[in-house]
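A, B, C and D are the chain letters, set down in written order, and residue numbers restart from 1 in every chain.
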Amino acid sequence: MPQSPSLSAAAGPKRPTELLRALFRRNETVLLVCLVALIVFFSFASGTFLTTRNITNVLGQASLAMIAGIGIGVVVLAGEIDVSIGSLVGAVGIPLVVVMNQTGSLELGMAAALLLALGVGVANGYLAAYLGINSLIVTLGTMFVIRGGIYLYTGQRAISDDLQLESFYQMGNGRLLGTVPYPALVALVLLVAFVYLMRHRPFGRQIYAVGGNPEVARLAGYNVKRLKFAAFVICSLLAGISGILLSSRLGSAVHVAGLGFEFQVVAAVVLGGVSLAGGVGSLLGVALGVLILAFLSNGLGMLNIATEWQLVITGLIIIAAVAFDELKRRRQ
Amino acid sequence: AAETPKKIGYVTNYATHEWYQNVIKGMQDRAGQLGIEFEVRDANLDVARMVSAAEDFMAQGVDVLIITPVNEEGAVPLVRRAKEDGVPLVLEGNPVSGMTTMVAICDYDTGYHAGVAAGEYARDKLGGVAKVMNVGLPLLSATVLRSNGFMDGLKTILPDATMVHDLDGGGNPDRSLEVSAAALAQNGDINIIYGINDSSSQGGLQAWKAAGKSQDGLLVVGTGGEGLGFINMMATEPSYQIEAAMFPEKVGFTSIDAAVKLFNNEAVPAHIVSPTTPMVGTDSWKQYYSVEGTTRTINWDTVNAVVPADKCMKTAADL
Amino acid sequence: MSETTQAAKPAPVLGRLAENSQIVLLGLLVLLCIGISLGSPQFYSVENIIAILRQCSLVLIVAAGMTMLLIAAEVDLSVGASLAFSGVVAMDVTNKTGSVALGVLAGILFGGAVGLFNGLVVTRLRVNSLIATIATMMILQGSVFLYSREAVQNKHQQVAFTEISTGYVGPVPIPVIIAAVVFVAAFIVLRYTTIGRYIYAVGANQKAARLSGIRPERLKLLVFVVTGLLTGLAGLILTSLMNAGQPTAGRGFELTVIAAVILGGTSLLGGRGTLIGTLLGVLVLKVIDNGIIILRWDQNLQMVVPGVVIIVATYLDLIRSRANAR
Amino acid sequence: MPADAATAAVVRPAGPALEMAGIGKRFPGVLALENVDLTLEPGKVHALMGENGAGKSTLIKILAGVYQRDAGTVRIGGAEADLRSPRDALRAGIKVVFQEIALISEFTVAENIFLEEYPVNGLGSIRWSTIRKEAAALFARLGFDVDPAAKVGQLPVSQQQMVEIARALAHEARIVVMDEPTSSLTPNEVALLFTVIRRLTGLGIAVLYVTHKLDEVFEIADTVTVLRDGRHISTRPIGAHTHESLIQDMIGRKIDNLFPRERGAARGDVVVKVEGLSTDKLKDVSFEAKAGEVLGFFGLMGAGRTELAKAIVGFDPIRTGRISIGGTPLVPHNTRTGVALGIGLLTEDRKSEGLMLELPVLQNTSLAALEDFARAGFVDEGRERSAVQQFVDRFRVKTPSLNQQIKNLSGGNQQKVLLARWLMRGLKVIVVDEPTRGIDVGAKSEIFALIDRLAGEGLAVIMMTSEMPELLGLSDRIAVMAEGRITAVMDREGATQEAILNAAIA
């Protein structure tokens, strides 16, 4: 695991075979190979898979899980978990659309949405990091509370975007130069930023340390609670961004948006090699995990495979991939 | 003669649900008859997946797209994107603003006519008393319309009819059973159970039975005629006397026809109404369906003879 | 280690109130019951109490297994999907063989087989159980429709089949008796037997347990299978209650079960937990669920209130254990 | 800006570097410290000694900001200090090498060194090249042989301990505290450490040094403070102490002979027979151990003793070779078979392989012997309790009750519980890996007496140890390992320290 990338990279000159082996020990390489294999397979199996349109489509679709996945990645690396993101993704659409309808401003709507996300992040973080309640319990609780709150507030009705703002539509549905969906761009920027943050900023390394061993981190003078708190806030804000983009793709605030999303994302994060025990894994792996699941879903659809088979195949692949990763880890 | 599209893609809400299984069956049969390639993608109740699936179909280059939205508001951008892409779009089940056409039953009317039938039944067999437990689903406007229609229809016969308890059964049998058990315990006077789909009415009825109550003096009204469940219940449960049949196969059949018309730029109404009718009495279903083993077959002659209304009495816009 | 001593000082009153996690929950339960019955006396009707108990029994049966699983530091999220599938199998086999006994057996064994699969994936392939059982949940949700596209009806209207859930022994409904038996058995196993002790040991430190001659894999496999069998049993009861095997049933059931278990004070990290706590957790959740309907509150509160209760109860328990450690 | 303390300029304050006065600390059921005073002078090594559970680590943790004191004052360089968190302590220039290894095992050695403060560039990015270079330079200066690019989790305990020490010295410090820093080090490494400590004191840094090893104290300390049961017993210059007086202060009584030998020379049948054993680490290891003997294994760090111990009890997989216990082959190769055949292992790594931290003393003690208290699978808790109580009394485990969570016991007391875990169960062979690591002299002598008695009762004891006196004092035969092989086996009579070390280097 390349916890200190520059260190492992510069471990001295090696023979090519050794370099290759070292490369393959990296979880990301294996995931990348899987992804490429998947793409090659579907390209041959389906005539409509390998088109710019379809590939960019998938990138756009994957970006929502990717953005949220970065957040979950950070929280899990910090040794915690957040299962409330699915509800949050559904919830942020409400302030977004309500404020937008009232003020006619997308910016104000987004600010309101992010404010809600921030509030949820602060609540989760306070309960889990400062009060010390197990984060699965906390976020399971907030997951119920938020979803129930959505239903209470909306009376289980979607809220439509009355003003039909063009900018709101374009955000989730538009494409840069007609090719790259904007959500994919947002995801890419966030990915690069957070990969840098987690690898090359003390804050990122401290998150790793806190997840790897909170006691040690505390002895090293870290404010463990504050770091974990920060991880929750980051996670919620990213889920908020994901929810804003989803809301744009749906052109409204849909009360059932994001149902089950947390499990999809957690599955992708674990598939990407992040250990639920904390402190192990990388955001690059998370991104690859998300892409693998997204291309799998798209490819199986292109092959006209029924839902029930899709579920079975995806489940088996998750087990196989995680088992393989585990085997590899044990071999070392 | 008109041309037929080569390929139609259908994004469904919940492919594994019996109702949609039969809608798909109707579509497949009709597409097969017309020699059209037909593909289904399932949103599996996930709005984000609904958008992705429609996107994928458009990338794949289908000639016509049919969508049953998971949520109608969430499909608004899809209507626009389909237009931008030049793909004709048929909505099934729920209207979406900006759409060209929709194939759907009239949910309010369906409930209403079942309500009228229930009112007559209650007048004749239940001493004119109607205390209703609604095993509803506030999540969808369609199911809310059904419940409203049912009560309004019921009141045309029995103006004193009341909804004693209005429940959210999640549209699931197990959840319906759970919430019904509580409501039945609280309200000893319930004598009509209305379910917004067959799972809901079944959940309500099973809660009644589990409470050890006799079915004398009870009326159960189901909605949908989705699969085998209602047939079995009508055949075996004395209180299950009315089913508001909605003929999913017919919906599917009509949707494909609408898709073909749209493909040929023919004029289509904004709402193509698919017929529904209350079936009253133990054997009433046999008029429309025959069952062999675990497959049911629709009787097209009788179903096609049910004349749909031109226009719904109430729609989601009235809520 | 030092966390205990670092804890913020809790208000003394809170600390005293929250002397024992079971007392917190018990108090909560009593408060709920009193509150609800003040709002609506029907809460205490025999009918309603039986309805609550019947619902509790479904959850409790599975929660008994889940408690052991969490103590052993594993989890099973596939119980909801397995509940539905095993019910479908039970009904189908009953229909095909005409024998309720065979159907019952098939349903329970199917659940056991799912547990075995989960257990093997977790112990042999070493896949983290959270992710493994999410995968199993997907597999089951898909394959149940490959097995049967429709709800499987009680074709021959076997009364014996419906009796499983609606029958009584004296004044007590059969499912409640089944749940009581399961609960007592699980309680005895966890509290008084070597296997129970080993479950705690494996959850607390797997390596230490292995060094002492315990086979953690076997033990975990066993607990997965037991949880699976119990899920099959609950699925059977649900199917009997529905008089049909519903492939779409059980959605979210896993969360209810896990919520009840953690509400009961079982640690997600393994090595800690009690069945009494789980029992109280189940009762609290189901009384809330029932009470909201009885009181005619907005049913959306059925999500909000348990969410708040889980957090608050866990927090009170935390204060209690910190106060004790003082 | 991190810098090696050994080269940093340190302003030498006039008065004491640290004054702790009237320190009190209470844990539930335990008065860990009561009115304890401690004064550290700059440029001096102050040893802190006492039995297990005397309160040494607690005092250090108060100094490190990990625990909050209940009473007393702390003054650093004359000024009152409020140490509310480790961060405060670090800021005050206090560096601590903790008793439990405190490193992030997923990080590289170099990164661990800079955990407290990453060097960053103007933009706030971590300067990895600086980290790499400075870590390498630091190890070179200290003379420790550790690869800075290695992942800490993959290093043996001894190397991890060196990383810990290096980490404490990487930054400027006024006070350096070491809580049993040498528990896993070889004599060579201890010598290196002492050189470093002398360099530190030369710069005016105050050193607080905790150990259970008397020889070390006499070699390095200037002053000794002894605690007993959380109370201050004595503070004297080292010159005023003899071994006996120190022990007397610590345990309140004398130990005549640390290595009593009650058992006779009689040896029984061969109970452990290992032939041609190979694993990833071990190469063709063969030996026998007889009933009634103590077979000591010596080796330098990484020689393979721990691997051997884990392999012969069935915990780690083996490649080839045969192991038989009491004539029965250990097949299938797992701990269940091992335990059933009567072989058990007291592991080197207490926390991760021995203790069930969240569970009480009772469950921790009876784990391996539980079946003896069970009838038809049901545990007779009354019998279990009284049996455990007997062991707790006999081993003088300091615990308020059997229901105390074991994580709240001191290291030495935890070790006693783990030994009791095995002795409650009738074994033929016990393998003990560093059995007295972190254990006080009093307890040590009890454990030695126990081992002697067990051997006398016919048990075969296989003891992996890095302690030369322990090895020579207790073993009947001595096997020496190097690089996964047994390089020599000698009788106790013929063994000399020199011969053993020669074989260990071979």
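Heads up, the rule we're going with is that a residue touches a chain if its C-beta (ideal position, glycine included) is under 8 Å from a C-beta of that chain, and two chains touch if they have at least 3 such contacts.
Nothing here was measured: the structure is a model prediction, and the numbers come from that model.
Asker: More C-beta pairs touching across which pair, A-C or C-D?
Answerer: Result of the comparison of A-C and C-D: A-C.
Asker: For chain A and chain C, let me know how many angstrom lie between their CA-based centres, rounded off.
Answerer: Distance between chain centres, rounded to whole Å: 30 Å.
Asker: Using CA atom averages as chain centres, what separation in Å is found between chain B and chain D?
Answerer: The computed centroid separation for chain B versus chain D comes out at 72 Å.
Asker: Roughly how far is chain C from chain D, going centre to centre by Cα mean, in whole Å?
Answerer: 43
Asker: Quick check: how many Å separate the C-alpha centres of chain A and chain B?
Answerer: One centre to the other, that is 36 Å.
Asker: In chain D, which residues are in touch with two or more of the other chains?
Answerer: Answer for chain D, listing residues that touch two or more other chains: 66.
Asker: Mark out which residues of chain C touch at least two other chains, giving numbers and ranges.
Answerer: Those would be 1-2, 145, 267, 269, 300.
Asker: What are the residue numbers in chain B that touch two or more other chains?
Answerer: Those would be 16.
Asker: Which chains touch which?
Answerer: Pairwise, the chains that meet the contact rule are A-B, A-C, A-D, B-C, C-D.
Asker: Which chain A residues qualify as touching chain C in the complex?
Answerer: 127, 131-134, 136-138, 140-145, 147-149, 151-152, 156, 215, 218, 263, 266-267, 270-271, 275-276, 307-312, 314-316, 318-319, 322-323, 326-327, 330
Asker: Give every residue of chain B touching chain C within the complex, in rising order.
Answerer: Residues 16-18, 21, 165, 167-168, 172-174, 177-179, 181-187, 199, 202-203, 206-207, 209-212, 227-229, 232, 236, 294 of chain B touch chain C in their complex.
Asker: In their complex, what parts of chain C are in touch with chain B?
Answerer: 40, 42-43, 45, 47-48, 50-52, 54-55, 145, 148-155, 157, 162, 165-166, 168, 238, 241-244, 246-251, 253, 289-290, 293-294, 296, 299-300
Asker: Where on chain D is chain A touching in the complex?
Answerer: Spelled out, the residues of chain D in touch with chain A are 64, 66, 85-87, 89-91, 96, 98, 102-108, 110-111, 115-116, 118, 120, 124-126, 128-129, 131-132, 148-149, 151.
Asker: State the interface residues of chain B toward chain A in the complex, per the touch definition above.
Answerer: Interface residues on chain B, with respect to chain A: 15-16, 39-42, 44-48, 51-53, 55-56, 59-61, 70-77, 80-81, 97, 138-139, 141.
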